[in-house]
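Below is one structure. I have some questions about it.
For clarity, chains are labelled A, B, C and D in written order, and residue numbers in each chain start from 1.
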Amino acid sequence: GTTNTSSTAGGGAASSSAAADPNAPIKEGLKVAFLPKQLNNSYFTVTDRGGKAAVDEYKGVFSEVGPSEASASSQVSYINTLTQQGSNVIATSANDPKAICSALDEARSAGAKVVTFDSDTDPSCRDLYINQATAEGIASTQIKLISDAIGPDGGDIAILSATANATNQNAWIELMKKELEKPEYAKLKLVATAYGDDNAQKSQQEVQALLQAHPTLKGIISPTTVGIAAAAQYLSGSEYKGKVQLTGLGFPSQLKEYLKNGTMKSFALWDVEKLGYLAAYAGAALASGQITGAEGQTFKAGTLGEFKVGPNSTVLLGEPTVFTAANVDQYNF
Amino acid sequence: MAEAQDATVRSTRRAEAADVPLLELRDIHKSFGAVHALRGASLSLYRGQVTALVGENGAGKSTLVKTLAGLHQQDRGQVLLDGEEVSFRDPLHAREAGIAVIYQEPTMFPDLTVAENIFMGRQPLRSLRRIDRKAMRQQALELFEQLGVKIDPDRAAQGLSIADQQVVEIAKAISLDARVLIMDEPTAALSGVEVDRLFAVTRTLQAQGAAVMFISHRFEEVFALADWITVMRDGAHVATAPASELTVDGVIRQMVGRDVASLFPKQETTIGPTALEVKGLSRKGVFSDISFTVRAGEIVGLSGLVGAGRSEVARAVFGIDKYDSGEVLVRDAPLKSLSPRASMAAGLAFVPEDRRKQGLVMELNVSRNLTLTLRRKLSRFGLLTNQAEAQATKEWAKKLQIKAGSPMSPISTLSGGNQQKVVLGKWLATGPRILIIDEPTRGIDVGTKSEVHRLISELAGTGLAVLMISSELPEILGMSDRVLVMHEGRITAERSRKDATEESVMTAATGVDPKTKETTA
Amino acid sequence: MTTLTLQRQPSTAWLGTLTRSREFSVFLALVILIAVTVAANPRFLSAQSIKDLLLNSSILVILAVGQAIVIVTKNVDLSVGSVLGLTAFATGKIFIALPDLPVIAMLVIGIALGAMLGAINGALIAVAKVPALVVTLGTLYIFRGVDFAWAQGQQISPSDLPADFLALGAGTLLGFPYLALIALAVVMAFGLYLKNLRSGREFYAIGSDVQAARLYGIRVGRKVFSAFAISGALAGLGGVIYAAKYGNLDATAGQGLELNVVAAAVVGGVAIAGGVGTVYGAALGAVLLTTITSALPVLGVSPFWQRAMIGVLILASIVLDRYLALRTERRLRGHDSHAG
Amino acid sequence: MLVDTAPPAAETRRAPRFGFLRSWDTAIILALVASIIVASLTVSGFATSRNVGFLLIDVIPVLLLALPMTLIIITGEIDLSVASIAGFVSCVFGALWNAGMPMETIVPLCLVLGAVSGALNGFLVSVVGLPSLAVTIGTLALYRGLAFVVLGDQAVTSFPRAITTGLQAKIGTTGIPVWILPVILLVIIFGVALHFTGFGRSLFAIGYSVDAARFSGIGVARTKFWLFVISGTVAALVGVWWTLRYGSARGDNATGLELSVIAAVLLGGVSIFGGKGTLPGVIAGVGLLAILRNALQLASVPEDTLSMLTGGLLILAVVAPNAIAWVRSLSHKASTT
């Protein structure tokens, strides 16, 4: 109801139903706000850095706001504030796919464009989702990495996740389980999933418990940056170093020590900075009317080149990068 | 010791005492906000002599003590020690100057052992400045022996009866080997035996040259111990004279500025049907097989030594504490449940012995305290207003002549006696049929005491059944229609008013025949 | 009244005292927990696993000691998690600026920084005479805010820290991790101080009855101030150790730790009402809580049940505490004083 | 008549009708009014009906929880488990909804569950006699744990849009949410109970002295027990509200809310030691924190500053009254000498 009326009143701002003009210039002075899951989280510090770089390129006004602890309710109050401030673009990573929906609806009805990145919301309450890598790609890469690290004999593996509620973690875990059903991974057996709550100490204790409860454990996948760093730190100082393999998603800067000292052989991550950069450009494209979020539309994202909107109003950044001792020094995040 | 001999010893000592007092207070003034507690108080303490300080409740005695102890700083006036002016910043400073104080209200560390309570901050040390626990225990035992009591130095202070707490306080004060010993109503919680022991110890200290100040509302104690008596009224010095030159009536007249009517204005009443009946009440380790009745219009005195378990019986009857077996009947019906609420509903009222902890909420004002038991009664349609409370307060403050700044004054700013009146008031206002009253006049001055007694008597006259616990034998004998005596958790005697004599009650209370005791001594 | 028995049986009395003590019951619970876990999985008692347990609990032990001292004075320090976070981050920043700083110097700086933060708490509480719970809840927010404002999302990695500093976190001496030895030293030092020195006993006096403590001439304000400074200093020490142990630091280190620290002290028999408890108990409580977190997954308890189990254990331990206190009280009643 | 020993001090003469408003409460209410005025004038976008709507709807959970918390803290206890109970109830709500139970049955069941959860706290505190700080640290972990036991890593989000948006309905164009009205009614009920009934009087007495309250015939254990039951029930209400407002039932709902609630209550002038405090002060405390947060967010003040500000205000709340008293005593001394 309110969406239609307010978007016509909003003048230039295009809505999904309006036609896109791929050649429209990016408006100057767009107010672009980044709302991560949590401030002071190193992952989002990097994405937002990328976002700021993009916004500076197209002469927008960048701001970063967010809660100090990852919770959906405090994101809602920030979305409300942004709505009230008349933001043109809200780029957010959702702590809960549903909980921030009605606030985002209200923001969009007030004329803001909503881009989600890293963690999506319900597709109906945002204009575009920037997918860092396909969930399938993330899952299959990690299974492949652990399989390669353990070797052809296979064995028991475990997953160390973040919190039990982390939506994308849970999606990846499901897909990893599917991936393991493939015949080439017949010798790998997932024996446990533990939750380290993205807390270093808890993560380490969970790793210790996994190792004791499953003496035959050969490998651990930790698809969360806090978890993998804590696990690597523990393994490197324990008798399991080099005997139990570790992989997952982590920052090269945090983990290069452990690649070099033999605690782990490889891990993966997408280019986090580019994720924020792309989200900022996608928001500008939406707010300038270049795209509406419909499938098949294209827009140019600064130095990253051209991107195409896929099904479900999703834009894909690319496939994850795999880091090994050989290439890790080339990255600075 | 023979009295005459004692008196001569005292008068010689007085003659010896030089004119320079060991400690002297001159024209002390002290205000708390608008309350002018001291307005020209003076006092002199001499080496080897006991000075008693007497005055009505609220006269400013305790305030003077606290000024001496360094707890309060006077607004005006001088404190002289050995003729030199001093000013005590804090209690430590006063203690270092050789002043030991027993405060009116015991100050204890409930979680620490008794020995540690005595020696906190002065614990005996061994190598490396470590505390020597063995020596500490030994010294505590020696102190208790001197006081003739047996308290385990290693037990926690928690759970000590008020009397034992007072004993620990005394032990603490004498362990300081102080030059000046100040005792603010040390005997209020003690019974005759302990009081005698305390006096013996005091006399020893006195003989060693200490200056002693002693506050009490019991004149027999004042005259038994003191060389000098100083009278205060309304925060000011009234008179100081040798005890031997004074009489009880004279002192009272100076204290209150008028003559006091009879201390025990006992009215004859017609005794009605049984109001309260207690049958076979027992609680393991505290009291056993307690049975008695109290009838309408009757005052039953419950006597005994401190620690006999009287308060515990009262608490159990009122529903504060649980009991193991037995029954409490109010007008032939058992109480609905074991709770103060049920007891109040049945018409019981209970004035507890420890007014600061049990009787009053010290942080609330007079009005809120007085009406705390009237929450339901004063409510209209479930709502309670300040006006209703103020009305009730005015009425009872007038009836009991409560001295306070205003109904909104914090109760903590009232003197002990006036606080006690508020406790009485809050219970009398409930219109009870049975009143249990534990130490009704503890720490109350003569004037007020006589009023309280008159009040109790009058109430009994209107058909109230009263169970009165008291450690003061004259009070028991003067007020009771019937006397029950407890000893070690059992009722050992019951005497009618005419059969109750000091001797017969004491015999039952101590479990020892005084005559036998004398022959063995 | 029962007759008095003042004579004790010296030969076995200490045994009775020991087994009746609160610390003993915590210790017993710990032993039972370990025994059950080992029965289910013998690897729980392997050398590596014991080392892990010691390492895991050392930070909580150190913080619990400080907390115990504060709680004994009838106060509470909720800011310890934030103090730890701020010092941990400061440690990283200082090492980035001064990579050659000796490890010992860093420990001293951390302790001093923590003591300073604790002194802010202590000063507010002692001078302005305001409740500790409120003040430290306030500084919990403030110190964390400073941490956030300083970090601005910055992350410190192990590669930013000197190798010998990281070795402090993982290294061992005669098979004992350095961290466990530091924690043990802290526990012993404060344990002896609180029990055997006059100045240590004053903490108990204050917690037992402040008013009485004043009358005894104890300088209450100064003493409470020092309790908070100690707690802050130990949290500062904990922060440096945290940095050494985890290497990866951001501004969120130690977030939410305060409840664990208070829980450790409470489980260890330090009464919230003040005046009761020992740092040994608090330390045992910390080890017990850490061991529970380690043991539950080993026992195969579903991760979803773990938190609930910790709650149950905290409740069980305070119920036990109450039971023991009641027993003591009953004993005191049977054992009375006056033979007048 | 009282026998006046001295002229009563000036403050004792104050009209007794609103005597329960102590100086700090008055100060905090004034601060609230002042912050509203200043924010309206200086922060663009603050004084709009949309923003008022945002503000009021976000303040509901803290406001609700602050009501029983005030009573509990006044009796000298504390309840740290409220947010965990809300989270637990939220998960049970989700699980029952998933199981196909109608809303009309679920909501009362959830309230009962909250009451039972509170009753466990109440039992341990009042009957067993344990310190509430320790007990509710335990149940904080327990109930949050049970929330995860119920829903595990799942979230239930299939609530009808009609209900979730209906909760945010506004009264006409005022921007004031409809659902604030029953909340205000509850505030009034709690306020009257605390300040104008015998029950309220007994809470203050308990807070200052449990013994004296018991000896005055107040059922201390019973009162405390029911306070915890009420607290649990209100927490359950918040759990239900939270679930529907955000359309999502999950284990971590309302995490950490207890500290915000306690901060607001203490800021409102309630003494953590019990015995002292007023409901108007608490409402002002809740409002002040919410308005400052909202206004400063609108003014793009960063989160770390907001958190420092919250902490600073809390400390100010306890330091200021003492500082004022100290200054007064100085000037009093100066005038008497």
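What we mean here is this: a residue touches a chain if its C-beta (ideal position, glycine included) is under 8 Å from a C-beta of that chain, and two chains touch if they have at least 3 such contacts.
As the structure is a prediction and not an experimental result, all values here were calculated from the model.
Both chain A and chain C are touched by D. Simply put, of B-D and A-D, more C-beta pairs touch at B-D. Between chain B and chain D, the centres computed from C-alpha atoms are 43 Å apart. A straight line joining the Cα centres of chain A and chain D is 36 Å long. With centres defined as mean CA coordinates, chain B is found 74 Å away from chain A. Averaged C-alpha coordinates give centres for chain C and chain D that are 30 Å from one another. Across the assembly, chain B contributes no residue that touches 2 or more other chains. Taken residue by residue, chain C touches two or more other chains at 144, 148, 271, 304, whereas all remaining positions touch fewer. Looking at chain D, residues 148, 152-153, 302-304, 307 sit in touch with two or more other chains.
All chain pairs in contact, by the document's touch criterion: A-C, A-D, B-C, B-D, C-D. Listed in rising order, the residues of chain D touching chain B in the complex are 1-9, 12-13, 16-17, 19, 192, 196-202, 204-205, 208-209, 211-219, 275, 332, 336-337.
If you check the complex, the residues on chain D that touch chain A are 45, 48, 50-51, 54, 58, 148, 152-153, 155, 157, 164-165, 168, 242, 246-248, 250-256, 293-294, 297-298, 300, 302-304, 307. Against chain A, the residues of chain C that register as touching in their complex are 41, 43-44, 46, 48-49, 52, 56, 59, 144, 148, 151-155, 157-159, 169-170, 245-248, 250-253, 255, 290, 293-298, 300, 303-304. Contact residues of chain B toward chain C in the complex are 69, 71, 90-93, 95, 101, 103, 107-112, 116, 120-123, 125, 129-131, 148-152, 155-156, 158-161, 163-164, 191, 193-194, 285-286, 305-307, 309, 488-489. Interface of chain A with chain C (complex): residues 39-42, 44-45, 48, 68-69, 164, 193-195, 200-202, 204-206, 208-210, 212-213, 215, 226, 229-230, 233, 236-240, 251, 253-254, 256-257.
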